[in-house]
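Two complexes follow with subunit A in common, the first pairing it with subunit B and the second with subunit C.
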Partner chain A sequence: MSMSVGTPGRERLLLATLVRWVTPAVLILLLLAFAIASPTFRTPGNLVHILVNNFTLPAIVALGMTLVISAGGIDLSVGTSADIAAMIAVTLMASRHGLGLSLGAGLAGAIGVGMVVSLLVAGLGISPFLATLGVLFVGESVQQLATNGGTPIYLVSNFPAAGLTALAHGTVLGVPVPLWIVLAAALLVQLLLRHTAFGRHVRASGAAPEVARYSGLPVKRTIAAVYVLSALLCGVSGLLLAATVKSYVPLSGNAFLLDAIGAAFVGTTISPEAKPNVPGTLLGVFLFGMLHNGLLLIGWNFYWQQVAVGLLVFTVLAASFAARRLQSAD
Partner chain B sequence: MAFKSTLLAGFALAASLAAIGTARADDVPSLKGKRIGITVIGTEHYWDLKAYQGQIDEVKRLGGTAIALDGGRNDSRQISQIQTLIAQKPDAIVEQLGNGPVLQPWLKKIRAAGIPLFTVDTISPNSINDTTSDNYSIGEKLALQLASDIRGRGNILVFNGFYSVPVCAIRYDELKLVLKAFPDIHIIQPELRDVIPNTVQNAYAQVTDMLQKYPNKGQIAAIWSAWDVPQVGATQAVVAAHRPEVRTYGVDGSPDVVKMVADPSSPAAAVAAQQPYLIGKTAIDNVARYLAGAHDLPPYTFIPAVLVTKANVDETTKEIGQNP
Partner chain C sequence: MSGEIFNPAETASFAPETRPERASRRRPSSGQTIRLGSLAALVLVFVYFAYAAPGFTALGNLTNIVEQSAVLALLAFGMTAVIVGGGGDVIRGGIDLSLGANLGLCTAVYAVSSAAGYSDSVSVLLTFGAGIAVGALNGLAVVALGILPLLTTLAVMNICAGLELVLTQNTVISSSSPLLAWISSAAWLGLSITSWTFILTAALMLVLVHRTPWGLRLQAVGGHQQAARAAGLRLSLYLVATYMGAGLLAGLASILQAARLSGSSPGSGDILLSVVLTSLMSVVFSRRLAPSIGGTILSVLFIGGLINGFQLLNVSSYWVNGVQGVLILGIVSLRSLSRRPGSV
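Moving on, here comes the complex of A and B:
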């Protein structure tokens, strides 16, 4: 009798563990494969390059997306927040304003985008998909209007603010500044989500909004705050992007949207409850960045690189969901 | 006396040439009462924007009404806008720079609807006239400059993400043609793919990857791209990696890229500078002439481009109306 009860329990536990290890296992396998196939891949310099150039910018955006998806939403306007921040900051710097003022104004612009989204989603009750899609379109138009149709603003020559270069290319204690920023953002989001009442409200709003509302939780206020926080994080990413390439090219931030959504969902595979979480999201972003870098270094044609990324996302999610179904069937 | 006669004849010739020039500038027929549809794939790049503005300004100057639509770098959106334009039955449609294979059936539909079609930088059998730079010459000159700068020897990185855009294909094909004469220049495989959006940072990251893969001086001699926004990212990556021996090359001549070429310490070695505003304006002038009855327009109108290099930057920037 005890055997018949205990065996399914152990199997479920084993399956649950396997599910959570799918993504890390894929990551380790790919790391090994690339390290064997490309001597350049396994150099410390390349690892730093993956982290700084392929990981930091989408990671910060994806952390915001993690918050939003945890609250049961989706944010298609992440690129708009990043771009508005970069546009304001670079415009001010190009007209010789100080670095602090420019960056601060850029972040304020991103927060403004977040507040508009909050108003639409939490205030007017518009579905997050439609509200953020609308903000995405309006944001594109605003950028084109503000830049005379979409003219990039470059800070490539004679730019006095050395601090901008330090933001993207400097180091503190030997670690690149952008990585410190990702670390700080990750700790902040993790702390908020897992160790505060706000985080509990976010997760409750995402899991069962009606129950949360009838339980007296401030669902609207929570959701509003989540979109503002997401926009703020995207603004940070936009400023880092501008600092990296010393320019603002309209609509660049949209490039992070799909990676952010993909990484947040890949990240759910390491969670016992299949929920978005900070370590999982960072793992997902690193997986994408590493894959792009590794495939380029081993000489794969770009179009096959895209196929590989798509297949990877499909494989990880399919394996994880299949295992979960088996687990629940037990 | 003979000298005086020659001088007078010279003055007369100069005066008549000036008169012809003035007449050419002013003899563009009015577009009053005409509606001109303008469809462009995108405007977020210097070239696109200037050519687009050149068209709109010229339609207004000639008294017409422009129905201008920007596809936002989205093929399906541009096609949808072309359908909208066809439904509005304007007097002519001008299509600017898009994905050739995707566009062709829709350009054919414009002609099938009886609407005169003109193109800017889009080669199409359905276009009455395509106004463009001489991309064959641009591609050849840029490739020859690159080959000369690296002394006919070395490995080069090539951004070739937009081969489906006809003008990019011409420039790339010209590069390959020129390189046939320089067997010691090799294109590193795989070629890189420039993307939209986030062109600059993406080019920066890809070039940084390749500089890691080829870490020694001399392993990469130059970086070529069919337009100049990837060149910005590539140049910054070269600077960040402290590899100033790697030269960068591109096409379009955005003012900031011209400034980079003018900077003696920048790895940006050359950019083929086009005159996009003039290209857009000239396309509309051709529309006006056609609508006024000049049905013998040539299929192509080529607007000159200049190759801006570190050696000639002072003269060439004056030629294209920029300040280095």
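Moving on, here comes the complex of A and C:
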């Protein structure tokens, strides 16, 4: 940013503030528009519905992505981590193993995927794009081979159902359990990123890897940890998905990928330094979730919804990037 | 270090005096090792198939590989051009994630317009127009608005995929036109029109990107933006051209796709990740460890040969993605292993 050049005029400060308010303003306008257009949309029950069904799972994945992008990388293997966790857990539960063991083994599987990615990116220095894409391809094969080409595994017996249902549909203090998990994940990532030495290393590795290395920061270890953390969060998301639908559907985790990347970057628009940040990411995920729900309720054709989401993301990004460019131009 | 794949465009600005020199002294030898290693892997895989898979080396089968890889190849050429011009940074570098969806949209445009009774020339014009328009939207957003290519093309991908659904209502639209009939039946020197399109486009792109002053300047733009700008190049023209060119190639590929499927069917966008992988893999086949059209041709044939060989060996298609992923990761690991310790 060329903020240091010349005096920061009042107009430029105004512009900077405007840029940061583009995404929240769009969100509020859409909320109002949907609330006016659809009586169902404005019920409190629908808000909970959006939060539980359109927000929690992508939010957890997007929080991991926020960490990875902060460290200057990208993780295309989020779906693989989520799917492998679900596959292991559901397979174990289907053969009547305990809930704790199954979920633990699922998370361990996700961490395993994360460690492979870490080894490739931090250990061997392969570009994150290529490394995580390679893992995604291998993950697809593993799932197809394990499920005979993609046959879902259903939990027919109601043996682990009680605990699993509690996980997906239970409430604590009136708040659904998945939302508590999102909250915990958000606090964890926020604390790590903003209030620890690890977080400073993450941001330094992302902003200027060379400088970070020459300053003696443990860049490789930091980057390795970031991918394992991301995989762990994706694993949690995959397990929640499996608990919600009481089954494992192969390759279903890939649906999170583009929303997670999109949300993390839409989130950068509310930060003064245009960096990935936890509140921004959550805002981005909520924006997407609300849009899907709202368009459905006002009766838009499913096909047009996708066009609308694309156009909206495009507009938000265009507005904030163009304004930022104006801001640093003079 | 992990921030880029081949070019220190971003990090170079932190240590401009030391890095480029060191890079140029180091690259040729390690680049050569990796390229030879990758070529050896390619040759080994083909030799194995020639030995184990009956009929792999038959002329008919080899032309088959070329024919089946054509759509992937055209898209990968576009992707490579975009990466060459945009640079290799993971977040800020050039990439076109909308190519798969653009292919789907163009195929739908062709199928719908020819089903609506328009002549081939009108349909082809509309198809190419759609492809170029999508490319222009990408290019202008990247250049004029300054949105990261990764994000621009992600949003445009959604728009294209949605428009395809709107056009086709998520159904198969079959079309039969004189053009499609000609593409699927005509042959010259034993090669189909589809194969010829692959070969001619490959030759054209090879010359354009690697043998013309324009291509050299494009590489300069991707290699180091500030240096290219200081040298007086108008970056925006080069960048917009690569995105529009990629869009046009998606349009061309969509006609081949329509001929192969006799129309349009949902799910064309799935090819995206293969395209990304193919283009990035071109790096290990090039002397300078940079994305190149020659490398892209080799990686397309590698992947095409792999899929074909597996089919002949009756190996379940579920293995293809995994083996492809492992091979590529293995080859790319060669690069880091041949690197001197301490270097980036």
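In this text, the second predicted complex is superposed on the first by the 317 of 330 C-alpha atoms of A that agree within 3 Å, B and C clash if a C-alpha of one lies under 4 Å from a C-alpha of the other, contacts with A are read in each partner's own complex, and residues count from 1 in each chain.
Here is the rule we go by: a residue touches a chain if its C-beta (ideal position, glycine included) is under 8 Å from a C-beta of that chain, and two chains touch if they have at least 3 such contacts.
Quantities reported herein were computed from a predicted structural model and do not represent experimental measurements.
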For this session: After lining both complexes up on subunit A, report clash or fit for subunit B versus subunit C.
Result: clash
For this session: Could you say whether A:Pro128 touches subunit B, subunit C, both of them, or neither, answering first, second, both or neither?
Result: second
Problem set entry | Contact breadth on subunit A, by residue count: subunit C or subunit B | C
Exercise. Touch check for A:Ile36: first (subunit B), second (subunit C), both, or neither?
Worked result: neither
For this session: Considering only the touch criterion stated at the top, classify A:Leu14 as touching first (subunit B), second (subunit C), both, or neither.
Result: neither
Exercise. Is A:Pro152 touching the first partner subunit B, the second partner subunit C, both, or neither of them?
Worked result: first
For this session: Report for A:Asn293: first if it touches subunit B alone, second if subunit C alone, otherwise both or neither.
Result: first
Problem set entry | First, second, both or neither for A:Leu187, with subunit B first and subunit C second | neither
Exercise. In the superposed arrangement, does A:Glu140 touch subunit B (first), subunit C (second), both or neither?
Worked result: both
For this session: Look at A:Ile28 in the shared chain and tell me whether it touches subunit B only, subunit C only, both, or neither; answer first, second, both or neither.
Result: neither
For this session: Answer with first, second, both or neither: which of subunit B and subunit C does A:Val249 touch in the superposed model?
Result: first
Exercise. Which one hits subunit B, of these parts of subunit C: 256-264, 292-300 or 328-336?
Worked result: 256-264
Exercise. Where on subunit A do subunit B and subunit C both make contact?
Worked result: 140, 144, 149, 301-303
Seminar exercise, completed: Touching subunit A in the complex, subunit C uses residues 1-5, 11, 14-15, 88, 90-91, 95, 141, 144-148, 150-152, 154-163, 165-166, 169-170, 273, 276-277, 280-281, 316, 318-326, 328-329, 332-333, 335-337, 339, 344
Exercise. Which part of subunit A faces subunit B closely enough to touch in the complex?
Worked result: 38, 40, 43, 45-46, 49, 53-54, 57, 79, 140, 144, 148-152, 154, 156-157, 169, 241, 244-247, 249-256, 293, 296-297, 299-303
Seminar exercise, completed: The answer for subunit B against subunit A in the complex is residues 42-46, 48-49, 52-53, 70, 72-73, 161, 189-193, 195, 197-202, 204-206, 208-210, 212-213, 215, 229, 232-233, 236, 240, 254, 256, 259-260, 263
Exercise. Can you list the residues on subunit A that touch subunit C in the complex?
Worked result: 69, 72-74, 76, 120-122, 124-131, 133-138, 140-142, 144-145, 149, 208-211, 213, 219-220, 223, 258, 261-262, 265, 301-311, 313-314, 317-318, 321-322, 324-325
